[in-house]
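Below you'll find the structures, each written out as C-alpha cells.
Common to both upcoming complexes is subunit A, partnered first by subunit B, then by subunit C.
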Partner chain A sequence: MSTLRLPQIGERALDLVMGIVEAPINGLERLMGRKRMPYLFLAPNLVLFGIFTFLPIAIAVGYAFTGGTELFVSDRPFVGFDNFRQLLECEDYLRPGSCRESLFWTAIWNTLWFVAFNVTATLLVALVTALILNRAIAARGFFRAIFFYPVLLSPVVIGLIWKWFLDRNGLLNALLQMLGVPPEIFLLEVGWSRFFVVVVSVWFHMGFYTLILLAGLQAIPRDLYEAAAIDAASPRRTLLRITLPLLGPNLMVVLILLMIRSVQIFDEAWVLTNGGGPGTANSFIVQYIYQMAFGSDLRLFGLASAASVLMGLVLLALTLVQLRLGRKMES
Partner chain B sequence: MSAGLNPIAFVTRTRRQGRIDITDVLSWVWLIGGTLAVLIPVVWAGLSSLKPAAEITRFPPTFLPRAAVQQTVPGYEAPLSLWKVTIDGQQREMAMVRRIGLKAQMVDPKQPGPPVSVDVRDMSAVQRLTVATENYSDPLTRFDFLTFLKNSVFVTFVATLLTLIVNALAAFALSKYRFRGEKAIFVLIISTLMIPLTVVMVPAYLVVVGVGLVDNLWGIIIPTVASPTGVFLLRQYMLTIPDELIEAARVDAASEFRIFWRIILPLTAPALAVLAIFSVLWRWNDFLWPLIVLSSRDNFTLQVGLNAFQGEFSVQWHYILAMTFLSLLPVTLVFLFLQKYITTGIAGTGMK
Partner chain C sequence: MGNLKLENVSKAFGALTVLHDINLAIEDGKFVVFVGPSGCGKSTLLRIIAGLEDISAGGIEIGGRDVVQLSPAERKIAMVFQSYALYPHMSVRKNLAFGLENLRFKRSEIDARIMEAARMLAIEPYLDRKPRQLSGGQRQRVAIGRAIVRNPDIFLFDEPLSNLDAALRVQTRAEITRLHREIKTTMIYVTHDQVEAMTMADQIVVLNGGRIEQVGSPLELFDNPRNLFVAGFLGSPRMNMLKGKVAAIGEAGVTIDAGFGSPLTAEIDPASTKMGQAVLAGVRPAHFTLADKGLPFIAQYYESLGTETYVYGTLEGQTEQIIIHRTGHFAPGTGERLFITPAAGRMHVFDPETGLALPRAVEQRSVAHEHA
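Here is the complex of A and B:
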C-alpha cells in the first residue's frame, strides 16, 4: 500500500467520486427501470438546450415586434411592424444617408462588399494552396500546419497583432520605407482599412478552407489521373475535366460556408478597426446589432432583434442551399 | 508554347522524377511566401513584446529587441546612458551627463573626472540585446491581468469538463438505446447547429438575465455547454462500439451508468480528446458572448480584458503585445503537440 503510484491514487480518487455519483443514479434505475434510463442521460443536455437555445429562438421573432428599452418581454409594448419599417424605410437604398436608419444601410452595404471580396479572395487562395499541397510535394504536413495555425488564434489576438503590424511605426511601413514609399496610417484611411480587413480575414481563415478542399482533392481516385496521363491530356484539360468537376460539390459547400461566416464578420474587424472605423467605413451588420442592443446604453432591443431576424433569414436561405447540396453529395 | 508558364499548369502538374520545371519553382514560391506571410506578423509582434517602452515606437524599428545601455556612475544620482564617442580619432565608451544643443557633456564611467564637451555628431548610443521582462511582469502585478487569466483558465477548464460529461451522456443515450422520440430529439439537437449566436444574441442575453447569471462567469459557461457539434461527434463515434460489450456487461448485472463510464467512456477516448481540444480552443478564444454578458472588470476573461485594455492604453503597445502573446501561448502549445488530432478532426467533421 505504501508504494502507490500517482496515477493509481488518481484512479482510486476517481473510483471514490464515481461511487458517490453512481449510487443515486443506480437507485433511479431501480425505480424507473432500464428502459427509461436514456431519458435520464439526455436530461441535462435537453434542459440546457431548452433554456439557452430553444427559448431564445422562440423569443427572437416575437421580440422584433416590441418596442421600448425594457428587457423583459412582458414589460415591452407591442409595436407591430414598426421596427422593420424603421429599418427598411428608405428613399434610395443605394444611398444609406437617405434611409431612416442610415447606419443599418451603411452596415448592409459594407457587409455586402466585404462578403464579395472576402469570399472571392479566400476561395482563390485556399483553392490554389490546396491544389499545390495535393501535388507530391515535400514537407506537405509542415505547410498544412503553418497555414492552419492562424485558424486557432483568437480574433482579439489577431486584431491586435495586425494592428501593430500596420501601425504608423510598424513593420509594414518600415519595409515600405526601404522601398522609398512614404509611411501611411493604413487603418485611418477608408480604402486601406477596408482592404486590410479583407486581408486579415483571408489570413485568419484560409487554412480551414484549404484543409476541407485538400480532403476533397485527396478523395479523387488516382486512376483517373493515370488514365488522363495515358491519353496525354494537357494539364489544363485535366484540371477542367477531372479535378474541378469532381471537387465541385466540395467547392460549393466551401462557398456557402464562407458566405455564411462572412456575413457574420465582427470580432477581428471590431478589434482591428477600433469599432468599425474610420467613421463607419468598417461597420458591419453584426456590429450594428451589437451596438443597438448593448453599445452605449441605447438598449434598442427591438430594433436589434428585427435586424437579427432579417440577417437570420438570409443565413437560413444559405443554410438550406447548403443542406440541399450536402444531400446531393451523399447520393 | 511552354505549358510551364500557364497558370493552370502551374497548379496541376505533378512532380516528375529528376526534373525541376517552372511549376515546381512557382509552387515553392507560393508555399514559402505563404509561410512568411503567416509567420511574420506573429513573430514581429512577439519580438516587439520584448522591447522596452522607449524602444518600441522607434521608427524605423530594429528587428531584435535592443535598448540603450545605462550605467550608474559614481558622483551622479540617476543612471547615465552610454554612448560611443570619437575623441581625437579615438573611439571610447562614455556616459552622457547632459546635452545642450549640439554639444553633450560626457564623463568616462570608469574614471569620472570633469565632464568633457563632445559634438553630438561624433557619438552614437550604445545598444545591447535586452529583453524587457517587465512588459510581462508589470501587467500581471500592477494591472488586472492575473484576474483575467484566472477567469479564462476557470471558464476554459470548467466549461470543457461539463461539455464532455453532458454531451457524452446524451450521445450515449442517442447511440446505444432505442426509445420513443429518439429520432425527433436527435434531429432537434442537430438542427440548432444551423443557428448562430449572432442571430439570437438579444434573446439569449434576456434568458441569461432572467436566470440571474448576467455578469457572472457561469453565465458564459452554462449556455454553451450543450453543444450540438459535441453530441454529433460523440454519437457517431459511439455507434462504432459493438453492442455485444454492453450485453455482456448487463449479463454481469452492471448498472446502465456503470456501463457508461466503465465501458463506453474509455472506448470513446479518441473522440472525447478531439472534443476536448475544440472546447478548450472555443472557450479560450471566445469574444462576442463574454463581451455581452460580462460587465465588471473582475469578471473579464483574457479576450475581453485584452480588448478593454487596448482601448484604455492605446499607446502602451509594449504591454498590449506582451499580454497578446501570453494569451496566444497556450493555443500555440496545444497546436504544436496536438496538430494531427486537430487537422484530422476538422477534415472529418467540417467543424471549427
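Here is the complex of A and C:
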C-alpha cells in the first residue's frame, strides 16, 4: 500500500467532500439560478453577523429612547430624546462639573486627552521602531516578533502584568528603591496614572502598527534611496522628502485605526487603574457606558445606550474616513 | 574632468568574488559601454563607480581625485537607473530639482538648468506631471534629465533601455548618442545588448565572470577579438568555429587543415604557432562565400529577413551547427549540399587550450615596424 503525503490527503478529502455536495449544490443552482447562488453562500455568515452585530445595534438604538431600570423592552417606558438631553445638557462643556451628566463629560475629556497622547505616542514609537527594523540590523525577525508579541495578549492580562509592575509594592518601586529613589504610588497619583495608561497602551498596540508601517517601508523601492544618495540628499532630507511622503498612505491608515481603537479604550485601563481611578482620572467613555448599564446596580440601560449611540456615530465617521482612504490607496 | 581610472578593483560579496582585479582607464568625454552576459559583474562595476557599492580592494580615481572614500554625491557622477527610480510623489520639475536643492543651488539657477534640460530632452510639456502620468519613454527622458541638470563629470547608465519596447529602444539609443555628442561628457553605459554596445560606444569593455576580456573600439573588437569569448559574444549570429590543425607554415600565413581536402589560409603570425597544433578557425556567418568547391555544407533550414538570409546547417558528417549569411533572397532546400569557403583575410584562429586568438601577421608586422 502506498503512503499518502499530507497535501494528497487534503486533496482526497476535498474530492470526497466535493463528491458529496456536488449533486445537492447543482440541484440548488437549478432551483435558484446561477446569479443568486453567491448570496446563498454568504447567508450563514450574514445571519451570524446579523444576530450578534446588527441586531444588538438596533436594540441599543431602541433602548436609547426608553427609560427606567427594567431589562425587557416591553417593560420600559418610551422617553423620546430624554436620555440624549440628559447627556448633552451642559452650561459649559469645558467644565464637566457644570453638566447634568458630569461623569459623562469627565469621561469624554479624559478620552479626548487619552486619544491625543496615545495616538501621538503610539504613532511616533511605531514609526521609529519600523524605521529601525527596516534597516538591515541583526536579528531583525526576532525583534519584529518581540514587538508584536504583546498584541497577542489579552487586555486583562496586560492590565494585570503592568499592575504588578506599578503597584505600591511592585517591581518598579523595588527597582527605584535599589537605586535609592524614593518610591512613588504611581497608580494612585493622577499624573502618573494617566501617564502609565498611555505607556501601557503604547506597549500593548505598537507592534501591530509597527507591522503596518514596516510593510509600507519595505514597499519603497531601494533604488529610490540610491537615487537620493546620488542626488546628495542628507539622511534627514531623505526621511522627510522620500520616506515619509511615500509612507503617507500607511501613516493615514495607522492614524485612523489608532484613533478608533483609542476612543474604545477600556479593559486594560479598567484593570490597571482599578476602575478608572484615582477618582475619575482614568474614567473613559466605554467605562462610563459599562458602569451606567451594569455597574453597582444602576441599571440605567437607556442612558448607557444613548451614550453608545453617540460614540458609535463618532466611530462611524472615523471608519468612513478610513474606508475612503483605503479605497484611495487601492486606486 | 570626466576621466576615470580603476586600479586592481576587486569586489566580493562574502565568499563570492564578483570582480577580479579590474584595471581600466577611461578618457574624458568618451562613450564607454560595459557589455557582457548576465552576472558578469558589469552592473556591480557601474555601482562601484557610482559609490553605491564599496570595493573590497583597489583604487578608483575620477578626474584625478581618489574617490574611494567619497559618497555618491561627492563623486560628481549622475546615474540613470534601469527602473528610472523617479520619485513617484514628486512632479517632473521637482524630480529634476531635488538634487540641486540638496546642493543648495540658487532658485534661479535651478530653474535655468531645468529649462535647459527640458528643452534638450523635449519634456517641457510634462514638467508639472507626476511620473505615473508619463509613458515609459517619457519617464526615461526625465531620468536622463535628472542626470543632466546635475552637470556631472560622468554619466552612468544602468541598462536604461531594457524597459522600453523595440521601436522606442532604437529611437532612444540614437537620442542618447546625440546627447553625448551635444554635451561631450564622459558616459558609461551598461548593457547586455551587443547591438547597443556596437552602435553607441567609442569604447567597449567586454566583461565575463568578473574579469575584463577585452577593451577597444567596436570595430577593433569585432575584427580582432582577443579570445573565444569576445569572438562569440560580439556579432549576431555568433561566429562559427571549425576544428582544424596547422598543416603548413609559410611566409605570409598559415595553412589550416579542417578536413574535406580543402585547406584554409589564415593570415596569422607564423611564429605564433607550430606544425600540427590543434586550432579553432573562427569565421563569421557573413564571411563565408559560396564556391564551386570548398567545405561541404549541408543546409537544414533558413531564416529570411527580406534583405538577408541566414542558413543553418552543419559541415558534412559533423554535428556542430554552422550558420552562413547571404544577402537578399536565398532558399536552399533541406539537406541541400553547398560548398562554402571563408573570405580571404577574414578568418580568426584561436588556440582551443588557452582560448586566445593567435596574432595576425599584419598586426605583428606593424608592431615590429614601430619597434624598429
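Heads up, the rule we're going with is that the second predicted complex is superposed on the first by the 284 of 331 C-alpha atoms of A that agree within 3 Å, B and C clash if a C-alpha of one lies under 4 Å from a C-alpha of the other, contacts with A are read in each partner's own complex, and residues count from 1 in each chain.
One rule holds for everything that comes next: contacts are C-beta pairs under 8 Å (C-beta built on N, C-alpha and C of every residue); 3 or more make two chains touch, one makes a residue touch a chain.
These numbers come from a predicted model, not from an experiment.
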| item | value |
| --- | --- |
| Simultaneous placement of subunit C and subunit B on subunit A, clash or fit | fit |
| Which superposed partner A:S234 touches (first subunit B, second subunit C, both, neither) | both |
| Touching partner for A:R327 - first (subunit B), second (subunit C), both, neither | neither |
| Contacts of A:L224 with subunit B and subunit C, given as first, second, both or neither | second |
| Subunit B versus subunit C, judged by how many residues of subunit A each one touches | B |
| Which of subunit B and subunit C A:P245 touches, first, second, both or neither | second |
| Shortest CA-CA distance between subunit B and subunit C [superposed frame, angstrom] | 7 |
| Residues of subunit A at both interfaces, subunit B in one complex, subunit C in the other | 234 |
| Touching residues (chain side subunit A, partner subunit B) in the complex | 18, 22, 25-26, 29, 34-39, 41-42, 44-46, 48-49, 51-57, 59-60, 63, 71-73, 128-129, 131-133, 135-137, 143-157, 160-165, 167-171, 173-174, 177-178, 183, 203, 208, 211-212, 214-215, 225, 234-236, 238-240, 243, 253, 257, 260, 264, 266-267, 271, 274, 286, 289-290, 293-294, 301, 304-305, 308-309, 311-312, 315-316, 319 |
| Subunit C - residues contacting subunit A, complex | 50-52, 71-73, 77-79, 81, 83, 85-89, 98-99, 102-103, 146, 150 |
| Contact footprint of subunit A on subunit B as seen in their complex | 3, 6, 8-9, 11-15, 27, 30-31, 34-35, 37-42, 44-45, 48, 56-61, 166-167, 169-170, 172-174, 177, 179, 182, 185, 188-189, 192, 194-196, 198-211, 222-226, 231, 255-258, 260-261, 281, 284-285, 287-288, 292, 303, 306-307, 310-311, 317, 320-321, 324, 327-328, 331-332, 334-335, 339, 342-343, 346-347, 350, 352 |
| Residues of subunit A defined as touching subunit C within the complex | 221, 223-224, 226-234, 237, 241-242, 245-246, 248 |
